[in-house]
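Some structures to go through are shown next.
There are two complexes below, and they share subunit A, which is joined by subunit B in the first and by subunit C in the second.
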Partner chain A sequence: MPEIIGAEALSVELGAKRGLLKNRPGVTAVDGVSISVNEGETFGIVGESGCGKTTLARTLLGLQRESAGRITLQGADVSRSGRVGREAVQYVHQDPGAALDPWWRVGATLAEGLKIHGVADSAERQARIRDMLAAVGLDPALAERYPHELSGGQQRRVGLARILLLRPRVVILDEPTAGLDLSVQAAVLRLLRDMREKFGLTYLFISHDLSVVRRVCDRVAVMYLGRVVEEGSAAELFAAPRHPYTRALLAAAPRLDGAETGPALPGDPPSLRAVPSGCRFHPRCGLATPECATRDPVPETAGPGHSVACHRWRDAA
Partner chain B sequence: MLQVEGLDVQIRSERGTAQILQDVSFAIPRGGTMGIVGESGCGKSTLLRSILGIMPKGAETPRGAILFDGQDILTDRAASARGRIGFVPQDPYLSLNPVFRAGDQILEIMRRHAPGSRADHKRKIVELFRAVQLPDPEGALRKYPHQFSGGQRQRLLIAAALACDPALVVADEPTTALDVTTQREILALLRRLVAERGLSLLFVTHDFGVLASVCESVTVLYAGRVAETGPTRQVLDDPRHPYTRMLLACHPDRSADLSGIPGTVPAATAQPPGCRFHPRCPIARPDCATAPPPLVALPGGRAVACPHFETPLPENALA
Partner chain C sequence: MTALRHIFRDPVAALGLLIVLAAVVIAIFAPWLAPYPDDAFESHLLQRLRPPSAEFPFGTDNLGRDILSRVILGTRSAITVALSVVLAAMAIGVPIGLAAGWREGWLSEVLMRVTDVFLAVPQLILALALGQLIAPGIGAAMVALSLTYWPFFARTVFAETRRLRGALFVDALAGIGAGPARILFLHVLPNAAPAILVRATIGMGFTILTAAILGFLGVGAAPPSPDWGLAVSEARQHLPEAWWFPTFPGLAILLLVLGFNLLGDGLRDAADPRLRRSRR
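Let's turn to the complex of A and B:
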């Protein structure tokens, strides 16, 4: 499968201020990240809050300017262009209720995107909206309703329909199952899978719910403090995690059998304003050696399509 | 320690009368830990508010009883409950006042509910901060909420819940706003404090994994009624009510495919007659739609509100 969207040594600086007398430096929320997402796959990005996963997504989307590195979309360099030329990349908001205008009928919200994207003919807009509502499993008559009249599951379907109407190739899903009940979650994930097949989509799936990522993603990148620390196929990453951070993250998820696997990860991630020297994970790592505090690990190959940035991954197994 | 008996709560609004809780009964022994699980709209929050004595707007006088230490606190709030039920809220980011120092926010609670001088209270808070493993317990008194991380704020709120020496701690999904690594630490802390201080714990959650790690027993709510109750391990390993069976079957730890329970939870204003789960139940019979099934006791401290709990589910129950 060819690459559809990719980033090379991408860095994003946030919060820098240029003052009259002194410049306040920002923090590097994404620091030299390289990823390559293939056409038709679901690529997961996981990590704790503040690891840079949302910033990475916003930068790929063009809402956030990168400070260094290159972004390619369908083979073309789209770095530093903002949203221009990136219509093929769309974003599904985490909270679908907040993404819909409460004063607008659902149909009007759906039509707005089409108007902006140059569908001038009202009849065609209405026809496409009807078809899309049916495609996401909703009654087309719902176009006449207001967002508050819909259930959470219906709002999520409308949110997805709004994006799919724009005929994207790559859809960024930000925590698509956050706050959903177990019995509804499955229906939403199934819908996403069906839509991917039907419209030939590629997903960038941002989540901190590892059990969901395990079930729906083909490949996964684990981020820690702005860096990708491990990347591989979901099957391999979950079966044989190599990076101590990935192992701790997997062990921390509560399990139905109540068993605790592996040691807990103490403390919080350090602030981006005080990034540790060497390996960024070393102050919290049980395997850290003096070398880890001085030398920054580079990604090494741990298996086919599996890379890990850790000096001691061979000892972790 | 806490006994809820036949609790009925109705809320009147312009859209009609909603039966939020109907005939809810369960008990937590002294030192016991009970989890309340259920999906959104099952009445978890209303149950919690009834126990805390903060009924939502429009609520009619509830029927039934909530006995705390033998006294009914549903009708007479002034009874023994004051300051003796600690509360850990869901969202540590929204539950602290950003313009007051951490110490002052807890001192305010203690001034109302705990005996002793201000100096005594301060000493007590530092001791609690140490117990919940906040870094620099003395310094933390004078810090503002934004100076703490999410996990530290939840520790702070746990300390606040313990400030008046409660006998019962009520926790409302205290880890949903936290990362999994932080969640694990907070759950370990709660387990330790409950064991060390002999507290009773009522823990509301929608996560069966969290439930398994904290609670000895569990009550499963569906649409405002108790579906099933019993020791956590037994309920998770061998669920009896069709709802519990289906819900656990679609848990990611147990299901490889993406299946869920067909249909949706009914609106509180339009509850189906009889068993509230019958429209979604694959083993429902005609009598399920006529009368609500009573909660029937089973051996091993379990109880289930379904007369057909021994009927196996069909292969295609989940969709």
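Let's turn to the complex of A and C:
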């Protein structure tokens, strides 16, 4: 399958400020990330809070300017263009309730996106909104409600409907199941799958919920401190994780069958303001050698479509 | 509508609304409500300084004019002055607050520092100075009040814009490709409207009070117009014998300012969007 959206050596600097008297350096939230998402697949990005998942997503979307690297969308270079020319990529927020203007009725919010995208005819807008609300499993009468009158699951469906109305090719889903109880979570995931088939979508699925990622993603990239440390097909990555960080993440996932979970990762993820030398994971890694503290690992091929950035992945297996 | 219902549930705010509505009705129908509408400008020296009676419920003033009529006729100028000052202050302050709040940078800094400078100008002194510069009168007082009240709107809108700029729904709008004008005027401004409305209501009370002070100091309304502050000032020479002369115009000022302040507080509570319900 051809690539639909990709990034090459993408770096994003946040918080840099050029003042008249003082220049404040920023932090590099995403540091040389290369990913390639194929048309029609669900590509997962996992990692701890603060590892740069959301920044990467916002940069692919064009809301955040990259400081270096290249972004390609449907074969065209869209680097440094901002939001212009990226209408095919849309973003569903982590908290879709807060992503709706509290003063606007749901229907007005949905119509607004269409208006911005040049659907001038009011009757056509209304018809498309009715169809879309039905497609995401909502009563079209809900268009008259205010956002705070909806349940969490309904808000998520509205958030998805709002994006799908714009007929995107790539949808970035930021923690689409966070804060939902399990039955609603399952319903939302089923809806996402149905929508992908119905509209021929490609998903970029950002989550820290490994059990969800395992269920829905075709390929997964694991991020740590702004870098992709391991990338591969979901089946292989979850069955045979290579990077010590991935292994620790998987081991730390709570299990319902009562089996012993692995040792938790020691310490917090280090701050982006003080990135460790060499391999960024070495202060928390059980396999670290003196080499890890000095030399930055490059991604190595660990199998078909499976790459890992670790000096000692062979010993970890 | 829901905001109104909320206000009626709050007796103190309902009282404020009642006072303000009554004042507005009185202001509109003043010439028909006043028992002696001609007493705005006509004097009857033979009946000067009569105490309250059935004929003159609030008594008469030093020129024999019916004080009740003059209080009623003064409502119109009080509300007109307050409304024009608040609208003018809004017209200056709201765009400045929006512009300064939307982007960080030198423009925002300059706008807010200018706002701070205007915030530091003493209102009465500016009004006195402008009165000397232009002709003293209600026009100069209104210009002075507008020039000193807009910073309150600018600061309110600035704070709201800063808060809303970081809101997730603004980010989501940028995400679906909404331009800054659309976001500012269709989303940030309506979300800031409750705060602006509350500020405007309290500003009405504040302006009525300050305009009365200016009238009292002789740089506001000029005789013989039926201004409340002016009446209190004219009454000074006839105290303490003619107690009714300053009392009733003074009470009118107090009541209307109180009404606007109570209403402003009630609106602050009522305007919380989380309390809104669509009609089902």
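Couple of notes before you dig in:
Just so we're on the same page, the second predicted complex is superposed on the first by the 313 of 317 C-alpha atoms of A that agree within 3 Å, B and C clash if a C-alpha of one lies under 4 Å from a C-alpha of the other, contacts with A are read in each partner's own complex, and residues count from 1 in each chain.
Methods note: contacts are C-beta pairs under 8 Å (C-beta built on N, C-alpha and C of every residue); 3 or more make two chains touch, one makes a residue touch a chain.
Computed from a predicted model, the values in this text were never measured in an experiment.
With the C-alpha superposition on subunit A as described, subunit C and subunit B fit side by side in the combined arrangement.
In the superposed model, A:His148 lies in contact with subunit C only, and not with subunit B. Contact with subunit C, but none with subunit B, is seen for A:Tyr91 once the two complexes are overlaid on the shared chain. Of the two partners subunit B and subunit C, more residues of subunit A are touched by B. By the touch criterion stated above, A:Pro266 is placed in contact with subunit B alone, subunit C being left untouched. When the shared chain is aligned, subunit C comes close enough to touch A:Trp103, but subunit B does not.
Residue contacts after overlaying the shared chain place A:Leu61 against subunit C, while subunit B stays out of touching range. In the superposed model, A:Arg80 makes contact with neither subunit B nor subunit C. In the superposed model, A:Arg167 makes contact with neither subunit B nor subunit C.
Smallest inter-chain Cα distance, subunit B versus subunit C, after superposition on the shared chain: 12 Å. In the three-chain superposition model, subunit A touches subunit B and subunit C at no common residue.
Against subunit B, in their complex, subunit A makes its touches with residues 48-49, 151-153, 181-187, 189-190, 193, 208, 210-212, 214-216, 248-249, 252-258, 260, 264-266, 268. Residues 39-40, 149-152, 179-185, 187-188, 206-210, 212-213, 232-233, 236, 246-248, 250-256, 258-261, 264-265, 318 of subunit B are the ones that touch subunit A when the two sit in their complex.
Interface residues of subunit A facing subunit C in the complex, by the touch rule stated above, are 61, 63, 83, 87, 90-91, 93, 95, 98-105, 112-113, 116-117, 144-146, 148-149, 162-163, 166.
Listed in rising order, the residues of subunit C touching subunit A in the complex are 167-169, 171-178, 182, 186-187, 190-191, 273-274, 276-278.
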